[in-house]
Amino acid sequence: MTEQGSSETEDRKDDHIRIVQERDVETTGTGFEDVHLVHDALPELDYDAIDPAIEFLGHELSAPIFIESMTGGHRNTTAINRALARAASETGIAMGLGSQRAGLELDDDGVLESYTVVRDVAPDAFIYGNLGAAQLREYDIETVERAVAMIEADALAVHLNFLQEAVQPEGDVDGRDCLAAIERVAADLSVPIIVKETGNGISGETARKLSAAGVHAIDVAGKGGTTWSGIEAYRAATANEPRQQRIGTLFRDWGIPTAASTLECVAEHDCVIASGGVRTGLDVAKAIAVGARAGGLAKPFLKPATNGPDAVIERIEDLIAELRTAMFVTGSGSIDALQRTEYVLQGETREYVEQRTSSEKQLDS
Amino acid sequence: MTEQGSSETEDRKDDHIRIVQERDVETTGTGFEDVHLVHDALPELDYDAIDPAIEFLGHELSAPIFIESMTGGHRNTTAINRALARAASETGIAMGLGSQRAGLELDDDGVLESYTVVRDVAPDAFIYGNLGAAQLREYDIETVERAVAMIEADALAVHLNFLQEAVQPEGDVDGRDCLAAIERVAADLSVPIIVKETGNGISGETARKLSAAGVHAIDVAGKGGTTWSGIEAYRAATANEPRQQRIGTLFRDWGIPTAASTLECVAEHDCVIASGGVRTGLDVAKAIAVGARAGGLAKPFLKPATNGPDAVIERIEDLIAELRTAMFVTGSGSIDALQRTEYVLQGETREYVEQRTSSEKQLDS
Amino acid sequence: MTEQGSSETEDRKDDHIRIVQERDVETTGTGFEDVHLVHDALPELDYDAIDPAIEFLGHELSAPIFIESMTGGHRNTTAINRALARAASETGIAMGLGSQRAGLELDDDGVLESYTVVRDVAPDAFIYGNLGAAQLREYDIETVERAVAMIEADALAVHLNFLQEAVQPEGDVDGRDCLAAIERVAADLSVPIIVKETGNGISGETARKLSAAGVHAIDVAGKGGTTWSGIEAYRAATANEPRQQRIGTLFRDWGIPTAASTLECVAEHDCVIASGGVRTGLDVAKAIAVGARAGGLAKPFLKPATNGPDAVIERIEDLIAELRTAMFVTGSGSIDALQRTEYVLQGETREYVEQRTSSEKQLDS
Amino acid sequence: MTEQGSSETEDRKDDHIRIVQERDVETTGTGFEDVHLVHDALPELDYDAIDPAIEFLGHELSAPIFIESMTGGHRNTTAINRALARAASETGIAMGLGSQRAGLELDDDGVLESYTVVRDVAPDAFIYGNLGAAQLREYDIETVERAVAMIEADALAVHLNFLQEAVQPEGDVDGRDCLAAIERVAADLSVPIIVKETGNGISGETARKLSAAGVHAIDVAGKGGTTWSGIEAYRAATANEPRQQRIGTLFRDWGIPTAASTLECVAEHDCVIASGGVRTGLDVAKAIAVGARAGGLAKPFLKPATNGPDAVIERIEDLIAELRTAMFVTGSGSIDALQRTEYVLQGETREYVEQRTSSEKQLDS
């Protein structure tokens, strides 16, 4: 996910994909296990007329489901991106690319194709690019526009992954001036930008800063799903870096649980994507009930993608059917209605939210 | 429990009974595990004088226990219904029939007998019929009266089972206009109507609508007992329908826990039956303490019923003895007194109820 | 513990002792696991000067520890009572006898000796007799005085055990007029009376009635220790009484947890003994911190008693040393000080007490 | 940790070290598991510029990490102290010595060297001495100054370990007049004093008394790490002292959890060290977020110390790297900033703190 603009980046990308496929890289505790939607025994709806479509940054999506930013930047990933893009295109949902840094910095047609394949097979889908916040700081706006142009992106995701960088021995751990860079790009870029975490969540305070900086959407990517600290701990073990392995393991579970992060962000921004451990259409429904515009999944799409577009489509249709079922039994004919459905918060997530809400109140005063 | 008015219905009924008998079709978490009745060390009562009788829709029942709607519509179920009805009759409790759709739509004496046997062996018992809300919408009032007449019903239960329908590949998932149909039948039918769920519970909001529609009683049939999503997941597996199996499994635990649903409904209606995972006379006592008029059980009666009336009577007498013991040690000489006994709510059920109560307050204002 | 005034009583007593010794007859969850005394790192006390003595109903006890009512009424229990009484005498703590009904109703010197042995070996100890509330109702005051005289009792415990009676096939389940009988005996008897439960606890409401009836002390005997429902379930199994076995098992855990019951009772009476699952001197300390005057134990003394007085003394000295240690590290030089020490309530017990306190408030208003 | 001023002390010290190394002497439940720091996805900091240095009692420390008081007083411990001191010196953190009583009372060069070695190898480090509160009471100020001079101490830690003393058969259990002695030494000694527990924590009330007595710092040494009751239980088992073994085991978990104790103490004193079960740099970060000035660890340094200075340095650098990572991802460039970072309290620690805070409020009024 991170890269130093060399073929080193390419190899790391390969490492990451392999670790994600072979090791246990998921945590638990998104907080959605503490969110209970209230059953509506009398939905007064026709299931077949339920419409999960949303408008997102001016585009119509058939369902509030995002294939989260994952890959690109290595020839091996071309097939994965082709499958994901074709599936996004056929089902009408959004898809994010993995970091485009390698595409901007390496002069290699094979690498480039791992990105461009996406727009080739999905001319009309909502596709968004990806760069790290640290890159924004270094690139001028023309370079950022090249990333957009590379895939005719509908939007650009800017990822925040400072914990991962801190666990990587070679990580870029200078976090200064990123907010200013984000603000600049948000103002000048030809497409809207989505700021996203990568598995540790976004707090209300950060969401407030991002809102003020003019960011068009926030993707929380909270705790409970893929853990990049965990992934880097495996890499550090292989590289015989015991201290980094130790830190990666210690921070494996670090972050704001996705449900809590979503609740914090929706108080500050009106276009929030909930991701990080979202695994079913029911999770998507819960995310929307607590205020998100959509839910995103990364890892669950990786294995189907290696099996081709049909497997990805199958998975998306599962998710949509699960979501529609949740909509049906909460009496929600549309995503707008689902956003207003009743829910109950329990356990640790309730404690988390109660305390954060009262301390946020203190911040406001 | 659902049926498309053909012999397909008959076969499905058979499938269901078999699955219920052979597989794990029960969830946990009715919420009664979080309800603690307060011991009265000095009950100042004669156990033998404790009277668990109630008045229900104008009839006297010897105890606040319902044999919930289960079966009928297949020749194989005649013996089951005969045993249940004889037991209800001898012990003086209420009994519900399974859905009568097959009885109305099929022209088959064997099928019909599976219903009529009930009144034959229990001329004086409180027996109530059963139709789906979707059927009410389609039938005119004369057809509904035929269902009543079929068994000289004392009341008609109208079941809501939209989640089950959504899990069934062949399910009827049009939920529109059911409330209006219920209102119409409640006004016009010759006997009172009981609206019931089938394992996912009824919320306060729905109870309010049902009250306004003139429904005479509500049976919550909440989460924690028999799970129809779970049952349909098994059927889907057999039918090689992986998506439906997946959804059935995902929603296996869906619903409002029975104790919470009871607390929500009693705030909106004064005649509430608590069912869904009620398994002992102590559960019945708890249900009444939190405000229900009676408790109902379905699955626990199925196996005894296949062994004949005596086994069912034995089971009912167990339940009554358990209930009377709970009445004794809470110092409750009557069901009215039991309804006023002290209780404590803990754990998740307390969280659930606290939040729903405060949000209901918001709804009211 | 119960008896019908015949040698049947004697046999049952024997059954009970055997079951208590051989089977699992203890529950968990006294609530003391949720009570945390606050450490005092600077106690400013000399451990050797800590004085755990209390005054109890006009007598001085060396420590606030009661050997709870257990046995008598069978020749086999004479040795047990001798050991307990000798230990009580040597250590200066209080001892209760088991029910004296057999002693009053049977004309048998061996049976009588099982009681009288206590005063023989412990001429100066605080010894209290025991009768059931149901007996008080039947006996005139002279008969009750005979029970007192039998052992020159310093007080009389009146036990409430209606749940046990309800589980016993042959139980006395008429609970009427017990309060009036208690009030009469409290007023007329030559010695004070202690009303005690036997493992299911006493609520605030009951404590209030007992206070008004002039009872001199209340022994909560709450949930969390020996379970008489459980014991009777074993007896019912042997006697082939499946329904009673079922009820005994269902109500095995019934009752108010000892810590919660203590908190409820101390709000209504100023002389409360906490018992039911008290197992260590630390439990005794917690009981006192939440407001009890003393803690009592039954089952833990049974096995030592079968090994003779020294084993019982050893056990009592263990308890006192544990209690003194708790007093030391809470900076409590006396039982009075311990009663004022800081504590924290957590978990289910906190929930229990919070709700009961707020509902008691409603009762008051 | 305790000593009677004879070679008996020396042997016990040896016993203790051996038990700590060979047996399970750690409890769980520091409360830090319930403290959740809030992730800052946009730290706007350069990791390399993060400065974990603190000022402590007028000295600059490179990081807020204390090697807690452990050993000395036996020739075998010289090597351990040498390793710890060298590591403290090279990394710039603070180190406490074990109790100096043996050094003051035994006339033995080998014993003395086990202390003096520390200053020999760490001429500039912040090193603090150690005496028990009971000793302060017995020694005149000149004797206490000898302990300071022995190692040219920068401060003196006074330990409170009354629970341990109560568990030891030979313990000194007279706790009187310790506060006065502490007050006297705090006023007269040439260096500041730190009052510390040894694993059971310090309450708000005690912290208030210590503040009033002029103590310069408080080290909570709360529950959750090394348990001296547990250690003494092992010793009692070996010494065939069943009652002491029983008490040690019963009080194994006794005490105020470290996080709760820290929160109580920081309300009363502005220089608090959190210790007792601190195991990682993330624990140190949490301790600081809830208000501590620094975190201390004892047992985790023991094994590395037996392997020499490099192993200890390695461990310290791990801790610092973990702490810096926590600072980075909470956006805290300095320890001051970390003290203001947002956190959430959950579970038992939240319950503990809520109740203690409200009762403290009562104390104040």
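In this document, chain identifiers A, B, C and D correspond to the written order of the chains, with residue numbering beginning at 1 in each.
Going forward, contacts are C-beta pairs under 8 Å (C-beta built on N, C-alpha and C of every residue); 3 or more make two chains touch, one makes a residue touch a chain.
Protein names from UniProt, one per chain: A, B, C, D = Isopentenyl-diphosphate delta-isomerase.
This structure is a prediction, so every number in the text was calculated from the model and none was measured.
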item: Farthest-lying chain, centroid of Cα atoms versus that of chain B; value: D
item: C-alpha-based rotation, chain A on chain B, 0 to 180 degrees, nearest 5; value: 90
item: Equivalent interface positions on chain B and chain C, same or different at half; value: different
item: Centroid spacing, where centroids are CA-atom means, of chain A and chain D in whole angstrom; value: 44
item: Distance between chain centroids, defined by C-alpha means - chain B, chain D (Å); value: 62
item: Chain C residues counted as touching two or more neighbouring chains; value: none
item: Graph class of chain-chain contacts, one of line, ring, star, complete, other; value: ring
item: Partner chain A, residues of chain D touching it in the complex; value: 36, 38-48, 280-282, 317-318, 321-322, 325, 328-329, 342, 344-347, 350
item: Contact footprint of chain B on chain C as seen in their complex; value: 133, 160, 162-163, 166-167, 173-179, 197, 200-203, 205-206, 209-210, 223, 243, 246-247, 250-251, 254-256, 348, 351-352, 355-356, 359
